[in-house]
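Labels for the chains are A, B, C, D and E, by order of writing; each one numbers its residues from 1.
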Amino acid sequence: AAASLSSALSELATHYKGMHLSVASSSTLAKQIAAGAPADIYFSANAEWMNYLQTRQHIEQDTRVDLLGNALVVIAPRKEPFAVRWARDFDFASAFAGRLALGDPDHVPAGQYARQTLGKLGWWSALKNRIAPAPDVRAALVYVERGECAAGLVYATDAAQSDRVVTLATVPDSLHRPIVYPAAIVKGRANAQTRNLLAFFSSETATVIFRKHGFTFLGDQRVQR
Amino acid sequence: MFSAEEVQVLLLSLRVAFCCVLLSLLPAVLLGWLLARREFPLKIALDGLCHLPLVLPPVVTGYLLLLLFGRRGLFGPVLAVFDLQLAFDWKGAVLASAVVGFPLMLRSVRLGIESVDPRLERVARTLGAGPVRTFLTVTLRLAAPGLLVGSLLSFARSLGEFGATITFAANIAGQTRTIPSAIYTYLNQPDGESRVVGLIVISVALSLLALVASEWSARRLRST
Amino acid sequence: MLRLRAQRQLGPFALDIDIECRHAVTAIYGPSGAGKTSLLNVVAGLVQPDAGEISLDGQTLFSSAQHIDLPPEHRRIGYVFQDDLLFPHLSTKENLCYGRNLLPAAARRFALDQIVDLLEIGPLLKRRPGHLSGGERQRVALGRALLTSPRLLLMDEPLTSLDQGLKNRIIPYLCHVRDALQIPILYVSHSVAEILELTSQVVVLDRGQVIAHGDFFTIAAHPQVLPLVEEHGFENVLDVEIAATDAERGVCEVLCHGQQLKIPYCDQPVGSRLFIGIRADDIVLARQRPTGLSVRNALQGTISAIADVGGKQLIYVDVGRRLAAKTTSEAIEEMQLGIGDPIYCLVKTHSIRLGPQLNRPEKR
Amino acid sequence: MFSAEEVQVLLLSLRVAFCCVLLSLLPAVLLGWLLARREFPLKIALDGLCHLPLVLPPVVTGYLLLLLFGRRGLFGPVLAVFDLQLAFDWKGAVLASAVVGFPLMLRSVRLGIESVDPRLERVARTLGAGPVRTFLTVTLRLAAPGLLVGSLLSFARSLGEFGATITFAANIAGQTRTIPSAIYTYLNQPDGESRVVGLIVISVALSLLALVASEWSARRLRST
Amino acid sequence: MLRLRAQRQLGPFALDIDIECRHAVTAIYGPSGAGKTSLLNVVAGLVQPDAGEISLDGQTLFSSAQHIDLPPEHRRIGYVFQDDLLFPHLSTKENLCYGRNLLPAAARRFALDQIVDLLEIGPLLKRRPGHLSGGERQRVALGRALLTSPRLLLMDEPLTSLDQGLKNRIIPYLCHVRDALQIPILYVSHSVAEILELTSQVVVLDRGQVIAHGDFFTIAAHPQVLPLVEEHGFENVLDVEIAATDAERGVCEVLCHGQQLKIPYCDQPVGSRLFIGIRADDIVLARQRPTGLSVRNALQGTISAIADVGGKQLIYVDVGRRLAAKTTSEAIEEMQLGIGDPIYCLVKTHSIRLGPQLNRPEKR
């Protein structure tokens, strides 16, 4: 499973015997699966890498499910909050000094959502040269925690983990593509056991835990492509 | 003091690091001697190949290992014959960290061998020792400080290796989760920071221990 | 017997050797940089000749024609290097035993204790070379080579840093190695005294070439050998036969070209032949056989030549063999010495040095 | 042949790697000498500290650097005085890869210094050279192969360093995006693989070049 | 003047020295492992004494009491090491110039060319030590130390691997360094011949202790010095005054306790005093002043003692100073020699060795 899911999933593991977690970035996991990793279920932090495996026929297509959702929030160091309004006329760039921490928009999904948001609001061009593109959301969070950056755009789940940042505002869903965490059974691994495990992720127990960690539960709406 | 999980991670890391040193020592000694004392065509190519894992980001090394030694990799069928599974196994973690640490080991060993006065090797020959015995009792023994440094570097690098390991051997709790992988995992957990600190303390302590051991051996080696 | 024909270029220096060493000990002599060490290196197999052939007791060690090049460890040649080159990581004892331990017990011809005692290195056995003095290191290196029980010993100035006392104890042992153990030796030294205690066979090298090879006293006339001879003051050498020995008085009576001589005592049976050396400085010339003098020996002869050598007057007297005596020009004038004059050469017994034996089985 | 972006990445990487070597050489020489030739209390602690970046996963090193040299870090105020911004700057990339490569540099330099016969240093002293001159003309010169190897390792490590750099200096295209960061970026893009290959080829070529240069210098140094 | 009082423990070995060297050259002599090199190391500042005091020409170099320890580079002491210890990374020329280049031009007392010529190392200037022979390396090391123009030279067996020819050329140069440049020397050597060409002042070490210190001929009776004396055959030493010189004939006439002697030529003014050495072997005893003999010198005296030394007969003759003459017991019987008998000691001019001068300003 993707690293950002690790805490929720390790908690789940205590409720489900025989579940082994392998934690890495979504891209690493996807490539491992492509190389024949003996994994049963791939739980990605974004749709792109799931698509990557899907087009290469490495997953059981019909088992793909967008299990979780997440939200993007604006954060600032705890003692330096500022106000944010989601409007084109708001001068976000002048609202804070220094850099804006976000996941590297070139490859980190959170960063891509952030860029979309900023673009839609027309803030991007003013901030383009002031971003601090972090290798992952965690790092972006740390930049803000440490005060290296006066503001950041990260997942709500990550922001909730830190008491050294304040969440200033949640980005409306309409400003970016939906944030989803798809899961699927790896090709050739579909059997009662794995289906059972995948089903468990939608169980009551799981939902509670996922929610506790800040995710939104998207239920079992299958995504067809 | 530590949770069972942390102890497991620690023991695995130790095992991986030890095996990593053991695995690289012999090839490093052979290649080190070859590069230090022999001239042959394509020497620079071999030399370059040995330095590759240093230049490539470890993640790339991991992918390359996956391409070579994965189940669907180039040598996958060969490994299958021996029923040897490397990828996603702790043995894979050994291989990954050995490969990544190999240039360090090799360079130190080579530096050690190069600093041995070749005249002493000739003396051993006139005393009746063949080339192999001479190599073992004179060259290697006098290059021992280099071997020691090489082993230490390789050991420490293995303790800290993450990119290639997580890519090639994955990060499966209890199976391939070494200290750095665990640190990575915990960094992604809200309550992980204290555990990260614990792990860092462990690995620093381990490497200090290794360092003390190596300094002690070096002192014994050098005592004249 | 060592047969050596080898050419080798070392930078600007060309070694070009062709010698045969039939004798138990052959001394290699020559100025600094002459190629002595290079020669030993070639014999030991450490330096490969560009061309040539090396054989020892009939076995080919190297042959460029036949593409033979026996590696050093199979040549069974012991080598005492000019620099001691002890193993810095081994104790004295481990250094000594390095080669010895590689030998089957039956092939060991030296006892460790014996060598340790001879070289007086007992207290050093546990120390590493870094904690030894120069002379101590040299002795350990010597012992290390001996203990490999080689069939040929190469010694490159092995006694240079030793005091006279040690030398005096080690050289007889080397004679023992040479005679009793029959291990031939190639011996590089700048000290003629040292050389002559071991052998009279000398190879003189210069600029990589053999310029003289043979008995020290016969090649003495060579301009490069002369300075050595001079250094040692051995201008005259005679072969004599022992006629009687008197251990108590410490003298031997010998016959030298029909004339009697008394020489310092040497423990050889009557009838054995040996070389004796007399310095030109030590000969006193007399018109008549003298009386009332403490001089024991008076060889009768005739003056065959008078030469002025660098300000010194050399009088050559034929006593069955040519003897050179040094004197001042004043004395020549005063005594009115002329060619053809009969003359006595007076030599004190203790001025006569014993040289190597003649009847020793030197050929192998 | 290469896109402008790739050229930019390449030049930046080269600059970072060179500066990294330059930055670490002096401290490595001083510390190497200290560790090789001196005894002092807490020596082992200093030694251990120098090895830390080897043991710690580079990401952790990156975080630590942020803690120390970030704007709000321990030395942040000091840096501010000199108007020096390290985090999110190419200078930070230099610092990060220098720190990560430092143990390698230090160990090689130390190995080189340890293999110098101290008697030669004493000779220099009797010839009238003071300790500093002796160190420069004898010790360092004879340890040069070690320095060379250290520089090579540090250079190569810098070309391959990624975890600490990307954490400390981030991955700002045109400013702190070095070859490994770029590789990482492309690796994390589902369609990036072909661009990765190009970058790998570049860095391999670079390191081979560095290797050839170092072997050539080593040969010159050793020529007797 | 060098004042040296030092104790130092080296493993099991204890160095404990207390000497004062007032002479231009002081030779350090002693068996291997006696502590000679350690002594030089202490003087050079390479080994710190555990306790003691060292001063050179009044300047304190080391004092444990005053906590002074001048670093080697400030002592201005040149050191020729026992192992050559050339810098392997520098060419011969660079090795030679290493110390010299650190001197201000005005302080340089040797010309590079001059040293290169003397040591015959011209063709080696571009080569690195790895490509030199043992003797070549030794010469470069010697040159390197000389070129630092030190105010004291320490030489640890500096000529061991050199051939006699080279030694004969280098030693006079060292005498020149000693006399003309007034650079004092501490000279370690096992060769008495070498020592005596430079000085008669000897410090004899054994097991780290000074067992004798002073004039070679006065300490000759010491049981540890005797073997040296014997080795060199210098049982007798006389101080004489030059009365006349004859370069053409190669002789000098000297006065020795009122009697005339002819000795080999030496380039000293009339009236200067020097030591001469005569070996007991070289003295012929005669009842009457002989005629018709090539012997130039006859010292008149009376027999003061007859001793049997290890089978050899020593006759002591008082000629104003006691001379020992060696002879056989037969000769004593035949000549009926007895104590109190008047006797002539005959010595050939060329058997007389010239020793050090007496009136040379040796004190500094």
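By our rule, contacts are C-beta pairs under 8 Å (C-beta built on N, C-alpha and C of every residue); 3 or more make two chains touch, one makes a residue touch a chain.
Bear in mind the structure is a predicted one, so any value in this text is a computation, not a measurement.
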{"item": "Length of the shortest touching-chain route, chain A through to chain E", "value": "2"}
{"item": "Neighbouring chains shared between chain C and chain E, ordered by label", "value": "none"}
{"item": "Chain separated most widely from chain B, comparing mean CA positions", "value": "E"}
{"item": "From chain D, the most remote chain by mean C-alpha position", "value": "C"}
{"item": "Gap in Å, rounded to a whole number, between the CA centres of chain D and chain A", "value": "35"}
{"item": "Between chain C and chain A, distance of the C-alpha-averaged centres to the nearest whole Å", "value": "92"}
{"item": "Centre-of-Cα separation between chain E and chain B, whole angstrom", "value": "61"}
{"item": "Chain B and chain C: spacing of chain centres that average the CA atoms, whole Å", "value": "58"}
{"item": "Multi-chain contact sites of chain D, meaning residues that touch two or more partners", "value": "184, 187"}
{"item": "Per-residue multi-chain contacts in chain C, two or more chains", "value": "83, 131"}
{"item": "Residue list for chain A, restricted to those that touch at least two other chains", "value": "none"}
{"item": "Interchain contacts (touch definition) - all pairs", "value": "A-B, A-D, B-C, B-D, C-E, D-E"}
{"item": "List of chain E residues in touch with chain D within their complex", "value": "44-46, 71-73, 75-79, 81, 83, 85, 87-89, 98-99, 102-103, 128-131, 144-145, 148"}
{"item": "In the complex, chain A residues that touch chain B", "value": "3-4, 6-7, 10, 20-24, 28-29, 31-32, 35-38, 138, 160-162, 213"}
{"item": "Chain D contact footprint on chain B (complex, rising order)", "value": "44, 47-48, 51-52, 54-60, 63, 103-104, 107-108, 110-112, 114-115, 145-146, 149, 152-153, 156-157, 159-163, 180, 183-184, 187, 196, 200, 203-204, 206-208, 211-212, 215, 222"}
{"item": "Of chain E, residues touching chain C in the complex", "value": "10-12, 30-33, 36-38, 82-83, 123, 127, 131-136, 138-139, 156-157, 160-166, 190, 227-228, 231, 249-251, 262, 265, 281-282, 284-288, 290, 292-296, 311-312, 315, 325-332, 335, 346, 348-351"}
{"item": "Chain D contact footprint on chain A (complex, rising order)", "value": "25, 27, 30, 48-49, 51-52, 98-99, 104, 106-108, 131-135, 139, 142-143, 146-148"}
